[in-house]
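Take a look at the following structure, please.
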């Protein structure tokens, strides 16, 4: 299956403004790209790119004053199958975890493992370790948080989501990430695209989504506590410790977002 | 049964210091007093008293510089029976609550009803209203909080106790108070004495205790989410919205507490 | 000068819903009323009233399902002069404060005196006690908080306003109230009307306002850290410890506010 | 000048427990080592080491049940001079910062840049950019926080330190780190040794210290908002975004710390 994914963001800047955009498909999917993924700006500006410490591709730009748009487009080969379920993926004792997974056991800006540890163990110590324990966390968070766009709050943390019991996909993910880390399961926060393929209508307006990856059985697996069901067409853009590491754009100055559009669908539907 | 209750607090003050002490048995138990309840200071200082807006007896004192002790002693008639259980005490619709109970539905310093409301309804909307619902809250809080004196934190709120899942009797009570208020049950925070009568040894050192009273079936009933079992010999000193209203002492200046002793036992055991 | 003040609030209720409205002019201004203050509902419902523990007049209503409006209208005699300035109003030592002012030294839901005390003393210990110290607090808060309606957050506390440095009139007032209490000055939170009389255009849409009263020189004085300048035509509706005590309406069920209108002007301009 | 630095930590573990220790001198000082830096455990256990994403040397160990000690010892060549002061170190515009410094502009567990940004700009926008601005932040924090070991709180963040105005060296550093990042100056949190050389007695018991490094004029410079004066003998052990990245030990299980000893002095004084 070929997926067409992309986005367009338009800002109004009162002055020349440096920014970092993390909008390209994650390098782990680069081999799946059909043709070139475009990253364009209007007016056209030269971007310089680098990989951050998590391997995300970051575009550095100095946007001119006035209206400024960023846009990406990519066609990506995808299995067409739902998120894999690997029920027998084992949980590694901490001493056996690869060195580079250990950072994903630590507390971070929006995932206060120090504050939530007691609750994590009380809630999940009797669930079977491994895949079942992560699924138990997802089931819990999925039912625990009262979803509502009106509850969106960019400074809410996992602790806040737990305390208030409400939020959006970002809050579901932060809470599940924090709980898994408390349980000594390396867990990272992901952003990217999810298609509506296979879902019944009506469809909400497309947006970037948040989910998480956990390290079990020697590899990373996607879990999505917001949707909590395998989905078709999940294309990662970035991962990190939490939302602080993977903003779509990190803008160093005042700005107004005037347009925000995201698309993710079967390529046949959208490209000639 | 006659109970002997009292306390002694000694402070070191670097300078003359005004303070308010809420240490006398609550006026609702004054008819049960045998003889006079003493309130003494050393050195002897004249205290002036008043009832605060919750009906608590407050002693105002200007303590001299140096070592200063406050002490109370009372002998109180008590039923000798355990805390009453009134399973059929009904929950009143808000519109039928007496005016003077409504203040105990509001948020307060340590009971953030605005933050905990979603969770309160999610947890308890299916429990039967009235006594059973309050008992469900107490059962929940009793098992939810991980008790430990090392978790004592004088600025922890109900929201903090919920988020961290640990605390002392004050935290149990704040969380249960906040949840009951979210459920539209007037609830107030109480401090006072509880004896060890009827309990097996070993006994911890005596301390003041926190519990709560809820308004059901036209009257106030004691619930104790920390102990969560009827107790013998519960003597209230003060009630209010939360711990901010009923400090043992409210001291307006620097000080060091050098001695703190509480007693509550059958009078025959302790008085000639 | 005669002022015409009033408001109209319209809600949509999915079901019969009990509520408490604190919308009438405060009893301390009742002697200034010209004619009767109206409190009407549409559809017409019988309200029962009571004074809460702060002396505010509270209307209890059970609103029917559907659209429901509350409206008040009053004509009030006013000095026509600006808020009095009493530079020599002294600060009372705590031991000399009247008993009924002491509650306004305590922490409350949105005024965490326990958390802000160190900062209060560090900031203001060198300011002259009394009127000058309160004015120093108001000057500080007035310049400290970055005003913006987009920063409005109904769960922000004084501590949050201090930490984030942004907010609306409610946040200015909570922060100033908390700081004054830390400094042992009894301070209460007020809501009510302020006219635009004497101000240059343009005029913002009318709203209820928040300010505070402090106890100095044996009486209560209005201070307004948001505007921080004497104003003409200030009519108090309610006071309490903080915003948790004086909601315009305390509604016990889901609801949508569909209309909100406030007026406060010279009576000649608005009434025949 | 030769410095002798090291530490000894003893724990009691109820069961076999994995842990990560970050106790060795930072790799940037390895060339200054005289002889070998020892890292010993008692009982002797094989450790495996790795560099984390910040370049810190991490020892992974599975400690046996019972008493367990970790100890390091190193002799390090040091300039013997105080922390360098480079008044003309310039602040780079964001667009000119090296890619690998950008992570040190982001929010992190204990440094909530999103919450403190308004205050950072209000406080420091008029200070000269570069070294002077960082010094202004340090001067501010140094005077702002009320130091006291009794205020130590392992879950306090920069926002909490700002709100409460009290803390220990960790809190000074977190607040200064967060403020500098808000001002677009890459800033990292450091832990390590500081000697008492050049200070008058009396000397407090040795402990690990926290300070920060900022990126100005193309390189990293140490600033120490707690001491706020150049010091002699500063040996870095680790750096990261904040204290969450550089715990002395990250222990995955219950434990009790029974001994904690740190030394840092001129080698001649302590070694034969």
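Labels A, B, C and D are assigned to the chains in the order they are written; within every chain, residues are numbered from 1.
The rule we apply is simple: contacts are C-beta pairs under 8 Å (C-beta built on N, C-alpha and C of every residue); 3 or more make two chains touch, one makes a residue touch a chain.
This structure is a prediction, so every number in the text was calculated from the model and none was measured.
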Those chains which touch chain C and also touch chain B: none
Touching both chain C and chain D (chains): none
Chain whose Cα centroid lies at the greatest distance from that of chain A: B
Size of the rotation, in steps of 5 degrees, that lays the CA trace of chain A over chain B: 180
Length of the line joining the C-alpha centres of chain A and chain B, rounded to whole Å: 47
Interchain centroid distance [CA atoms averaged], chain B/chain D, Å: 43
Averaged-CA centre spacing for the pair chain D and chain A, given as whole angstrom: 31
Residues within chain D bordering two or more other chains: 115
Chain-level touch network, classified as line, ring, star, complete or other: ring
Each pair of chains that touches, named by its two labels: A-B, A-D, B-C, C-D
Touching residues on chain B, where the partner in the complex is chain A: 115-116, 118-119, 122, 144, 146, 159, 162-166
Contact set on chain B toward chain C in their complex: 18, 20, 50, 52-53, 58, 60, 62, 93-95, 99-100, 102-103, 105-109, 111-112, 114-115, 154-155, 184, 244-245, 250, 252
